[in-house]
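Paired with chain B in one complex and with chain C in the other, chain A is shared by the two complexes that follow.
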Partner chain A sequence: MRTALQINNNEKINASLLFFVVLSTQIGVGIHGFQRIIVEDVGNSAWISVILATLFSHIAVFFMIKTLKLYPSNDLYGIHQEIFGKYFGNFLNLIYITYCSFAFYTVIRNYIEVINTWVFPNLAQAFISVSLLILVIYAFTGGLRVMVGVCFFSFMVSLWILVIVFFPLKYAHYNHLLPLFHTDFISLIKGAYSMTFTIVGFEIINVIYPFAKEKEKASKYVHLGLLFTMVVYLIIIVISTVYFSEAQLKKTVWATLTLFSVIKLPFIERIEIITICFWLIIILPNLCLFAWSAYRGVIRIKKIKETTFILVFSVLILIANIPILTRAQINRFDHYFSQIAFYIVFFYPFLLYMIALSKKLLKKRERSN
Partner chain B sequence: MFRDIKKKSSPTNQAEKDKPKEIPIPTSKLEFLKKIKEETNEPADLIVKKISESITIVFLDFLIDQNTLNEQILTTLEKMNDATPNIIKENLLISEVDLTSELNKSIFEMLIGAVLIHVEGQSELVIAKISSYQSRGLTAPENESQVIGSQVGFNESLPTNISLIRRYITNPNLCNEKFMLGKETNTSISVLYIKGIASEQNVNTVRQRIKELEISDLLDSAVLAELIDDNSFSIFPQLLLTERPDRFSDGLLSGKVGIIVNGSSMGILSPYTFVEFFQSREDQNLRWPIATFVRLLRFAAIFISIFMTPLYVAALTFHYEVIPQPLLVPLSESRSIVPFPPIIEALFLELIIELLREAGARLPTKVGQTIGIVGGIVLGTAAVQAGITSNILIIIIALCALSSFTTPNYLMGNVIRVVRFPIIVLAGFWGFYGVMFAFCMILIHLIRQSSLGVPYTAPIYPPRWRDWPDSIVRLPLPFINRQSIINKPKNSNTTEEEKVNK
Partner chain C sequence: MKKEKLFIVLLSCILLMGCADQKILERIGLVTLIGYDVEEEEKISATVVIRQINPEFQSKVEVQTETENTSKGTRISIDRKTAKQIAAGQLRVVLFGEDLAKKSIEHPIHTFMMNNEISTSIYLAVVRGDAQSLLAYPYENVTDVGQHIYNLIDHNIEQQQTISSTLHEIVRDDYSDVRNFALPILLKKGENIQLDGIALFKKGKMVGELPANDIFYIMIMTNKLDNGTVELTLDGETLNNNKFKDEQLQIAVDSIKTKRKIKVVNSKQNEFNLTVNMDCRLLEIDSKVSLTDPKVYEDIERAMSEKIKKEMMKTLKYSQEVDSDIYGFGEQFRSQVRDSNLTEEKWSELFQNMKVNFDVNVEIVRNGVFE
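Right after this comes the complex of A and B.
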């Protein structure tokens, strides 16, 4: 079965851009309120859980790239078809496509909720989703080059947020961090597990890897991206820990946004309103690339045009957005999503690598016999 | 009404059109004159002069140089009674003399400014090209003025413009390719580039796009620029129009392909990227810290110009809470007597500024100044006193207008001014979210564009780290990398040797 991709050289992207791709797909809506979920598990040692979660993501990426290297110029979908044959392979592909679509839906849903809660209580959900989808369609039809460009600029223009987030340190109580290392290891792992929702996104590597120009350098930039994400999360979790008390954090849904609201500049106050609107450009790469990775899977099953795909996809997302969910419902949805994501992103790559490796070895032995 | 613009479907079509049926030149004088008059529809400025029994000359008045005609052609021809075209050609002391046996070609040459010499009984014509262009003298460029640097601009004559470029670049590798465009106007255009610096690929693209163009008329280079760029639907200009020969030469030297159209005082440079539109030739003439400051100022000006008014509208309509108390008090005081919502107020003032600008551009210079005073001072003060607008908004709008004029390119400045209007509307309806939506839309649009196949956002994205410093700030001369990757130089070693200041 021939599943290898034929990719034109001008469709490929520089390996260094993978840094931005990984970074901008990881950071999305999760960062708004990941503190509460971890702190519930581990208390003031949340930052250790962040480091642990990053460690696991490094391991997951390591296996993903190992698997992709076994099948040169092929993505996850092609590898599925190659290993499991057409029917079961496509079944697995369908699961992955569904996962990508759910990720897309989760991002939109959470963003709409934040906008409705903090900025425009009366802005219709349908309006926000339509406007987001228009942006996604416009970027998506431009091809991968444009979407990666969105990732790149999204990173570049959001750097200022990393600076202003330090302002609340004025009111910091550093003793909140103490005592260090008083949490047991099991809770730390549990905390890391709770990070799943916030840290996933790097699984885009499964699909985008064949498009990298210099394959040897690719993994370096991917790992760098993961590290940078960790730095961002660490900064935010540490600042939140020293600013809020533990009891406060457990009750704050969007701790990062609350942090922003403290910041006061001579000409501007309530920065969270600006940052929430600004978050549009931070979630845009998320949306574009999740839609794209779903698309890459769909064309393996049925050949359709990019435009047709994104239009159908948008309509489906719009329909899914019609029911109004309460905070508790969205919370539960996020929880389920993160459980599924854990298996698909952290556990499955390892399994797939083992299967792929044993299959390769078997083939080799057959050939030598 | 509509211009007849078509892109060619097949190249064979072109070849057929280039070969009109050949009409031989009648040997008899009377028949020749009849044929000429027939073909040119007997224009009033057609002059026929009989020199001797056998020799007749035909030309169009005012298109030729009278002095040369009198001193060279007439005196020479008078001495020759029965000469063949070949002998006449050899005896004429004019640099450009040709022989032809084809009527259409000779008529075409006459329309450019040639004297046709017909000899009785001969089927060949002598064409003496002594055209003289009535063109405006060279003046300082008006739209792209700069303080330090040469003060000469292109004029409307193609030969003069090319000679200006040749003065700047004395180099045999400066190539000049001639093309004719326009079925009705037969406008001549020149494609200029420096061999070895400009990439072959870019030159070929320009060549091919010009060749494939089928238009009825071409009166200005701006039209050509819009016809050959990558996306004619985009609001952003993708090729640079400049009236400065030094900027044009600068572009050629950094590997761009230039186009000059006869009858237009603007040269086209391609490919051109978004960032380059905000660089001025003068940046090179100033000391680098100053030039860097000015460049950064310009980039800041884009953002001020596009987003300041929308942010004001958004903040005052939806997000009062982002404005600190001490600032909010004067703002609400000045707005307390204004009866409109901020969006109407802002659109109204922006419209006034645009009207002033347009009126100033259309009116003669002297009246234009008056309009500025009437509009700026009288309307502004009166509007505030009448309570139609708040005076803080006037400050903001004036700031935006001022910022938009810092763009060194007029076309880009226009874009920045116009693109603001939809953003104000979005801001008025959906606050910061609307502004952000517009920002993302513009960003995606910019990433999608390309100029001659080069990404429009280069060298920022796709990132060429080596070209970054020089596109945002202006580095000291020894560090300037003359040929950025944008222009895809064929041989990147050529620059290494000719480093300046060493």
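Right after this comes the complex of A and C.
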């Protein structure tokens, strides 16, 4: 079966850019309110759960890249087809495409909810979705290299937010962090599990890996990206723990944004409004790359043009965005999504690697016989 | 050509987004201050200070009062009375009448937290008497009462003359099981509005108050000071100097830097060590005291430590009586004692019976330019 990808050198990207790709797909809408969910499980030891979750993501990435290395010029979709044959492989591909589309939808839905709650209560959802989708279409039609460029710039121009988050430390009570290590291990694992929604995004590696120029360096940059994300999440969770009291944190829907709302700069009083609007730039790479990774799967099943795909995709997302969901419904949706994401992102790569490895070994033995 | 057209369409889409939800300054009234009072039949009355920006004339300040069941209800009825749309994004201060504070301010606080328009850095305070009469009075020297009260509270907090009472801190302590909060009290005195003491709260209810002179002691027990000022009356006999035996010695110190440390020494009996280290500059003292002798400083330092210790004990005793832990002893207990499993009731009981060993070390680092 001819599934190997033929990628021209001018379509490839530098391995070092994978750092920005991983970072900007991981950090999205989850960071707005992940504190509440973890603190519910582990209290003031939430930061340990963040580290644990990152550890698991390193393991997952390790297996993902191991699998991809077995088929160096192929992505997850091709590997599926190669291992499981055309029909079952395509069925798995379909699942993964659906997952990517749902990820896209979750990001856009959560962002709209934030915009509607904090900035423009009366703005129609469809209006925000159209504006976002136009941007996505614009970047998408530029091709992968443009999207990776978006990742890079989205990282560079949002660095100031990392400075801003330190301002609330004026009201910090550092003893909120004490006593250390008083939570049992099971709760810590549970907390790490609750991080799923916030930490996923790095599964983009499954699809983007064949596009990296220097494959041997790729894994280094991916792991570095994961580490940097951990640093960002750690900073936010520690600041939130010392800034809020535990019971208050459990009641705060978007703790990161509430954190910003106490900051008063001489030239701007409500920095959180700016930050929320600015978040558009942070979620844009999320949206682009999820759409792109869905597209990579779709062309395996049926060859269609990029433009046709993104237009159809956008229309579908727009239609899905028309019914108004209540906050409770969105939360439930996020919950289900993160459960599914856990299996697809953390559990499945391990399984797939085992299957791929045994298949390879079997083949080798057949050949040697 | 096709690309250019697409570009123009996209560009205009992006630019037009700015028109999505307009709020034009001249067409809105900015609420800068809200005062809540309790009325009969469980109703809440809100007094609102609205600042209206007018491009041609001087900005106008309007005070409106309405009584409704909920605070949003009062906003609707105030909207009915004003010519401009009301916007609460510039709210800076919220005042509570004394009667409402004694009943509970938890509900209005929760309302503020739910509202995204309101920043968590606004100040809260209690008004002696009712908020409406404080706000509606036509002060001679004050043109914008909202801004005036904001500045009054803000500069006092900046200079650490009163406890910081931002909405965030109040909510943090209110939801915490092991900590209570305090708010400054405002008082209308003749033509002036002034800060007058501190109201202690327990679960959103005002349970007691301490006079303005005690604020300093609360401050040094609660957090560290960077720039405080205090005036003390020392007993002459503590100075070891026969000259002042029966006199009261007035001194004033400023540039006070303090560090406080709370340590649990015995978790069974709930015993704490409270250490306060204080550096300061001597600013005012009776001219008869000779400052050339280094021994005199030691005496003054010792006398000051004694005095501060005594005052702190008094304030703490009162707080224990009304059961309001605004100093954070409970938090220290929770963080220093493993598996303490503090609940609200448990801490409340422990707090009332706790023992604190005070240790105050004052050091006069420098004095003025003339000895």
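The rule we apply is simple: the second predicted complex is superposed on the first by the 369 of 369 C-alpha atoms of A that agree within 3 Å, B and C clash if a C-alpha of one lies under 4 Å from a C-alpha of the other, contacts with A are read in each partner's own complex, and residues count from 1 in each chain.
By definition in this document, a contact is a pair of C-beta atoms (placed from the backbone, for glycine too) under 8 Å apart; a residue touches a chain by one contact, two chains touch by 3 or more.
Worth saying up front: this structure is predicted, and the values here are computed from it rather than measured.
S.K.: So in the superposed three-chain picture, is A:Glu269 touching just chain B, just chain C, both, or none of them (first/second/both/neither)?
M.R.: both
S.K.: Have a look at where A:Gly142 lands relative to chain B and chain C in the superposition and call it first, second, both or neither.
M.R.: first
S.K.: Just checking: does A:Ser245 make contact with chain B only, chain C only, both, or neither of them? Give me first, second, both or neither.
M.R.: A:Ser245 contacts chain C only, not chain B.
S.K.: Tell me which partner A:Tyr171 touches in the superposition: chain B (first), chain C (second), both or neither.
M.R.: A:Tyr171 contacts chain C only, not chain B.
S.K.: Examine A:Leu123 and indicate which partner it touches, taking first as chain B and second as chain C; both and neither are also allowed.
M.R.: In the superposition, A:Leu123 touches chain B and chain C alike.
S.K.: With both complexes superposed on chain A, which partner does A:Val150 reach: first (chain B), second (chain C), both or neither?
M.R.: In the superposed model, A:Val150 contacts chain B only, not chain C.
S.K.: Going by the contact rule set out at the top, does A:Ser131 touch chain B (first), chain C (second), both, or neither?
M.R.: Both partners, chain B and chain C.
S.K.: First (chain B), second (chain C), both or neither: which does A:Pro179 touch?
M.R.: Touch partner of A:Pro179: chain C, not chain B.
S.K.: Contact-wise, after the overlay, does A:Leu17 reach chain B, chain C, both or neither (first, second, both, neither)?
M.R.: It touches chain B, and chain C stays clear.
S.K.: Show which residues of chain A both chain B and chain C reach, each in its own complex.
M.R.: 119-120, 123, 131, 138, 264, 269-270
S.K.: Any idea which chain C residues touch chain A in the complex?
M.R.: It comes out as residues 10, 13-14, 17, 20-21, 89-90, 113, 116, 119-121, 166, 168-169, 171-173, 175-177, 179, 328, 331-332, 335-339.
S.K.: Which residues, counting only chain B, touch chain A once they are in their complex?
M.R.: Touch residues, chain B against chain A: 318-319, 321-324, 327, 430-433, 435-437, 439-441, 443-445, 447-448, 455, 457, 461-463.
S.K.: Touching residues of chain A toward chain B in the complex: what are they?
M.R.: Listed in rising order, the residues are 13-14, 16-17, 115, 119-120, 123, 128, 131, 135, 138-139, 142, 145-146, 149-150, 152-153, 264, 266-271, 273-274, 277-278, 280-281, 284.
S.K.: Applying the document's contact rule, which stretches of chain A touch chain C when the two form their complex?
M.R.: It comes out as residues 117-123, 127, 131, 134, 138, 171, 173, 175-179, 182, 243-248, 251, 258, 261-264, 269-270.
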